[in-house]
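The next part holds the structures, each set out as structure tokens.
Shared between the two complexes below is subunit A, which pairs with subunit B and subunit C, respectively.
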Partner chain A sequence: MKSTGKPEPTVTIDTSGYAVATEEIRSEAKRLLLEKIVDAVVGYQSGRRKGSAVPVIITDPAQAEQLVFSPACVNNLSIYLTKAKKEIRAKGKLAVVAKGCDLRALAGLMGESQFKREEVVIIGVTCAGVHSAGVQPNEPLTSATIAKKCRECSVHIPEGADLIVGKLPLLPDLTPTEKELLEKLDAMTPGERWEYWKEQFTRCIRCLACRQVCPFCYCEQCLCDRGRPQAVDTSPRPSGNMGWHIVRAMHLAGRCSGCAECERVCPMDIPLNLLNRKMAQELKELYQYEAGLTPQEKGPLTSYDEKDDQSFIK
Partner chain B sequence: MAKVITEENLRSLIDLLIKAGKRVIGPKRAGEMTIYEPLASGSELTPGTLPRRSAKEAFFPLSETILSFQKDRDGLKVDDVDTASFPETVLVGALPCDAAAPQVMDAVFSWDYKDEFYLERRRRTTIIGLSCTSADDSCFCTLVGLSPTDTKGSDLFLTPLAGGGYSCEAVTDRGEQLLAGYPELFTEAATVTPIPAAQPEGAPVDLAKVKVWLEEHFEDEIWEEVANRCVGCGACAFLCPACHCFDIVDEGTEQKGSRRKNWDACAFSKFTNHASGHNPRDVQNKRYRNRFMHKFKYYDDKFGKTLCTGCGRCIRYCPVGIDIKGILEEIGKKSLSTKDTKGHEANHHG
Partner chain C sequence: MSRIGVFICHCGENISRTVDVEQVAQAARQMVGVTYACDYKYMCSDPGQTLLKKAVAEHRLEGIVVAACSPRMHEKTFRNAAQAAGLNPFLCEMANIREHCSWVHDDRVEATAKATDIVHMLVERVRKNKKLIPITVPVTKRALIIGGGIAGIQAALDIADCGHQVVLVEREPSIGGHMAMLSETFPTLDCSQCIMTPRMVDVVNHPKITLHTYSEIESVDGYIGNFSITIKKKARSVDMAKCTGCGVCMEKCPQKKIPNEFDKNLGFRPAIYVPFPQAVPNTPVIDREHCTKFINGKCGVCQKVCGPGAVDYEQQDELIVEQVGAIVVATGFKLYDITEKPKGSAIKGYGEFGHGKIPDVIDGLTFERLASASGPTGGKIIRPSDGKEPKQVVFVQCVGSRAREKGISYCSKVCCMYTAKHTMLYKHKVHDGQAYVFFMDARTPGKSYDEFWRRAIEEEEAVYIRGMVSRVYQKGDKVVVMGSDIAVGVQVEIEADLVVLATAIQPRDGADTLAQKLGISYDKYNFYSEAHAKLRPVECATAGIYLAGACQGPKDIPDTVSQASAAAAKVMTLFSKDQLEREPIVARVNEKFCVGCLACKKVCAYGAVEEKEIRDRQGNLIRVVAYVNPGVCSGCGTCQATCPSKSVELDGYTDEQVMAMLETL
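For the complex of A and B:
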């Protein structure tokens, strides 16, 4: 399904502030490690492929010079702070480089008591956007190569970090392609929508990359891995695939912070973030709630209020 | 003289094969990507770009029934799968990194236990390979002893020509038979000008030396360095043309169901989890070490083959940019300067 918007002329996005961010991340990481304020820093470093950036966990101040920030810094590094990554947490107190979208995940995780604010140092990066999936990492950031989520970003400057690095340029207006897709789905009949998702999920190969990169999929025993009793068929076939993706969407409702990592990493191009956004939209309508805005909030599906809407009970 | 087939005749060949009752699998457009899938007609063939998933599914589907069961008043009835019903298949347009992989996997599927599901499909499949004309920075077939023009694994091998069409080389008797079966589709040409083959960056790695290095560096800081960031998904294994681990599951109800063979991945934390709860590969970097060791040491130990064809899919689609080409190059360099203190030279076979 393509966006309904008219093709826009390609606009280059000014990423000169990323070099500033890189310098500031390096000096801050070095200071934090030298002064033993933290034991490890979770950030990005350059990969072998030209222009690429990959997650890295450094413990030596000398390694701080390897850290970078660029449009290839697509990963949400908050996953390395969850209990799914015990070996990283075992290193001691952590600092983490976080874009605005990533920081919303950190806020959500704190809300779920996964760690306390004082246990982590957050280096917030001002961000004009990162690459879309499948873009060669050395390509410049333009309206054609930018991730869909960045087109509608409202957190270019992270909130709630210990310090903010980088410099925000003038940002071009970009059409919200994902919002348009969502509207197109909303306009479908339930039958058409069912067919649409059935077709998408048929492609799923159950590599579980969507689960493994999700900051909120930190369960030590995933319900969908259970064999006795088995909740969801593990075979990559339509019924089990549908089951898995519905469970995933429901478990993330009111928790997903919109980093869209699940969609970025899907090797089968399933537009998973559309589901996440739909859930978020419902939560906003029903409970006036948005996930990840402030760190210490409890989600509407994990708390109870007598005034909650109960019209669904029939 | 070279045998030549036009693009149009290649598509006609596919149509004729389908008409003759064969299942023809080839690269087919699916949204923004191409996938090896059964073709409904020759017009669907989309050759040249590396499909998102490998061609191993032609022999080793991502999920298949190996038996089905039913329980009623008369008792339990178990039905085996009749492998004789598997369709005669032609895999067309497999790039060298995909065409070469089944030969590598044959060893493990016909080792102590003969996997009839895999082997029967192999027996019934003819592979038409296709020379590769474009490489990106994740490609590394030349590092692991293959090349963009390697005919290994193909029965018939096509090389795209500058003026359109393909020159055809019969690699096996099966390939000869295919040529002989449809003589009207092929012409003879005195000279042909192939489109230049792809040139993946990077120098070949001495895999024998890499193996020696791996033997001596099971415990090494490199595994933490390269794989602490691994998130434990199966994207690498599931896109790989040579990864072949599978899981057997029973699905259905007590009354009716099937036993299935599904792809599995060594990056999954459950992969080596024991019933006791103990997991010998307790953290992610140990799981990645296993993947690398299996490809460049264990498989060679057992079968004398490298379990990697350098397609680069695991690099392109790793969520956290784990780069097997970079790691292989790094270990390749380290292995040159390592003194072989344990005298392993005599043990390995290039």
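For the complex of A and C:
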């Protein structure tokens, strides 16, 4: 399903702030390590291909010069802070480079007892947007190459970080493609919607990249890998695929912070973030709740309030 | 497990009327793992249970499915039978083919098919059942009583006399409750103070009772046998250890015009006061809201005149923690204040009765204070407005009670009797006075109650008018009561000197908040709910918490005292053992797979989930996982449903069992 809006003229986005961010990340990382405020910094470094970026964990102040920030810094680094990443957590106190969207995941993880606020230094980075999946890393950031989630980003400047680096340029108005898609889905009949998702999920090859990249899929033993009893058929067949994606959507409801990493890594281009956003929308309508705004002890799905919607009880 | 016996009950005709039980038995014999199946008219009867025990021995059964009624009804019966037959009781399960099948269906063929399915599911569950051993938890043999009225006092004395420690917590500065306010009590007309105050003294002198007055329950943690109670002792401003109760401070307090709550605002009290002369403990308390010292700092007389130096303006509220094993809730009642409509409540007021506006329209408790020898008038019945002796008094029953359209549909139970008592007390003090009573009907089911009521009419000449009152208004110095006499079918108007309203009994303010702290249930009026209306009338559904007195529903003194003693007996039953047995249907965490997100801890309604640190041999923290305290867990299974990695499982309801059950369908 493609957006049916008129093709918009390509707009180039000012990325001068990224160089500023890079410089500031390097100096802050160096300072944090030198002053022994943290033991390791989770950030991005340049990849082998020109213009690309990959996650890196540095422990030596001298390594701080490797750190970069660019539109190719697509990864959500909060995943490295979950309890499952024992070897990283074992390094001691961590600092992490976080875009606005990543910070929402960090807030969610704190609410789920994955780490405490005082255990992590968050280097918030102002971000004009990152590349969409499949874009060559050295391509300039334009309205054509920017990720869908960034088109309607509301957290260009992260909130709640320990320090903020970078400079936000003047941003062009971009059409919210994903929101339009969601509206189109909402307009369908339940039958049509079911067909749409069935069609999407038949493509799934169960590589489980969506699970591996998700900061909230931190279980060391996924229930979908269990054999006895088997909750979800593990082979890539329609019934098991549907089962897996429903389990995934349900487990993320009220938790997903919308980083869209699942959709980025999906080799079969299944619009997974669309499903996440649909769940988020339901949560907002039912409980006026948005995940990841602040670290919360209890989300709406783990608490009971007499004012909760009871209409489902007939 | 492969040697399962299936026992299908006809339940007289309750099941066999709609379900072909023989066919179900036949189908059961074909199920994998079933060795033996039979049906019988009354499986729960002695011959039925014998049949089960015999079959276990004859067919060497290793598991049992009894297809009958709800497990709430007879699970214990059959598990005991299984145990008697030498099986672990938790290898016996019930398939509910009565409430879930025969009672709700008409079609015999379909109902039989459904009953077969239900049996099949339970067979699958039993195949994967494991032997479970009951959990034992130690019992702290110390009881908490909340409320120091006659209910709390009776329960406290009974438990303490049995040799157990008791902690009695009372919100007011003195124990005694409403009974201490009454003049004389029905049906014998003995003086309330005379029978009440010795009990109060017994409490304070009892070596096993710790009394906390002017205190409230702050929070409740723990579970049956092991509660931890935080009590807030409000600042009394008087050191209880030093005070001798001489009363000089009260005499000298310059602030003397504070309406006396104990006398229903008919008299006055100083800012440092005891609620009534016979108060227990006899230690005054400073009402900081009205004390000049606390308002502007310009007094301090009481401190100066206090010989032992007991007055302490600096005293602070204090939190103390008490460990107890059982709780008796005896928080009592209040009278429905009809002057205005309570905010946000379905209950409507009675503006038309002028209560609160006309001074000579009073409620029953106010009349008690007027008639009481220790009351503000020394027992002389006079009108609050001008102090004259009323010659015509109108009593109105059922004000608020039994008035569905006004929001309260229950009967307050005591008003018929106390109104009859009021007419007598009045007649005894004002010989030429006339009492009129408007009533719907007289409810006098108690020992010597009806005789008492007849006496009010026949000997004490009270005029009973069957009918309702529509309006009460002031006319000169008279109060006119407009009502109907349905026996004659006429409207009546009585020009009275005093009107006494028997207003409804309601639970105390804050009853709901306390219930939430305790985790007990309450009805729409905030009366606490018993576990079973007939068979468990003094127990709460929450284990280890018991009810006494009017907090559970309107009650008179004899009923309250009986219930308090019953609650005490329940507490003593609990304390008769050192260890408490609990059902082993509890959740367990698979620590290997738990990721410590602690979602289970957030959803647990019983506070059973704790954090557990896993350390290596050197003592280094490896990770934090969830731990379910089996002593607290109630086996509701919410954690199991919540756990994202399915690392929590409920014994007897494991995922494997539930999936196997579903797969039979």
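Here, the second predicted complex is superposed on the first by the 313 of 314 C-alpha atoms of A that agree within 3 Å, B and C clash if a C-alpha of one lies under 4 Å from a C-alpha of the other, contacts with A are read in each partner's own complex, and residues count from 1 in each chain.
Criterion: a residue touches a chain if its C-beta (ideal position, glycine included) is under 8 Å from a C-beta of that chain, and two chains touch if they have at least 3 such contacts.
Just so you know, these numbers come straight off a predicted model, no measurement behind them.
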| item | value |
| --- | --- |
| Partners on subunit A (subunit B, subunit C) - clash or fit | fit |
| Touched partner set for A:P267, first subunit B, second subunit C, both or neither | first |
| Which of subunit B and subunit C A:K198 touches, first, second, both or neither | neither |
| Subunit B versus subunit C as contact partner of A:I88, first or second or both or neither | first |
| First, second, both or neither for A:R237, with subunit B first and subunit C second | first |
| More subunit A residues in contact [subunit B versus subunit C] | B |
| Subunit B versus subunit C as contact partner of A:K36, first or second or both or neither | neither |
| First, second, both or neither for A:P229, with subunit B first and subunit C second | second |
| Which of subunit B and subunit C A:C219 touches, first, second, both or neither | second |
| Which superposed partner A:T302 touches (first subunit B, second subunit C, both, neither) | second |
| Minimal inter-chain CA distance - subunit C and subunit B, angstrom | 7 |
| Touching both subunit C and subunit B, counted on subunit A across the two superposed complexes | 84, 86, 230 |
| In the complex, subunit A residues that touch subunit B | 47-50, 52-57, 75, 79-80, 84-88, 134, 136, 203, 205-209, 211-213, 225, 227, 230, 233-237, 240, 261, 264-265, 267-269 |
| In the complex with subunit C, residue positions of subunit A that touch it | 82-84, 86, 112-114, 218-223, 226, 228-231, 251, 297-298, 302-303 |
| Residue ranges of subunit B in contact with subunit A within the complex | 30-33, 52-53, 62-63, 136-138, 228-229, 231-235, 237-239, 247, 249, 251, 260, 262-263, 265, 268, 270, 283-285, 315, 317, 319-323, 325-326, 329 |
| For the subunit C and subunit A complex, residues of the former touching the latter | 592-593, 595-599, 602-603, 623-624, 642, 644-647, 655-656, 659-660 |
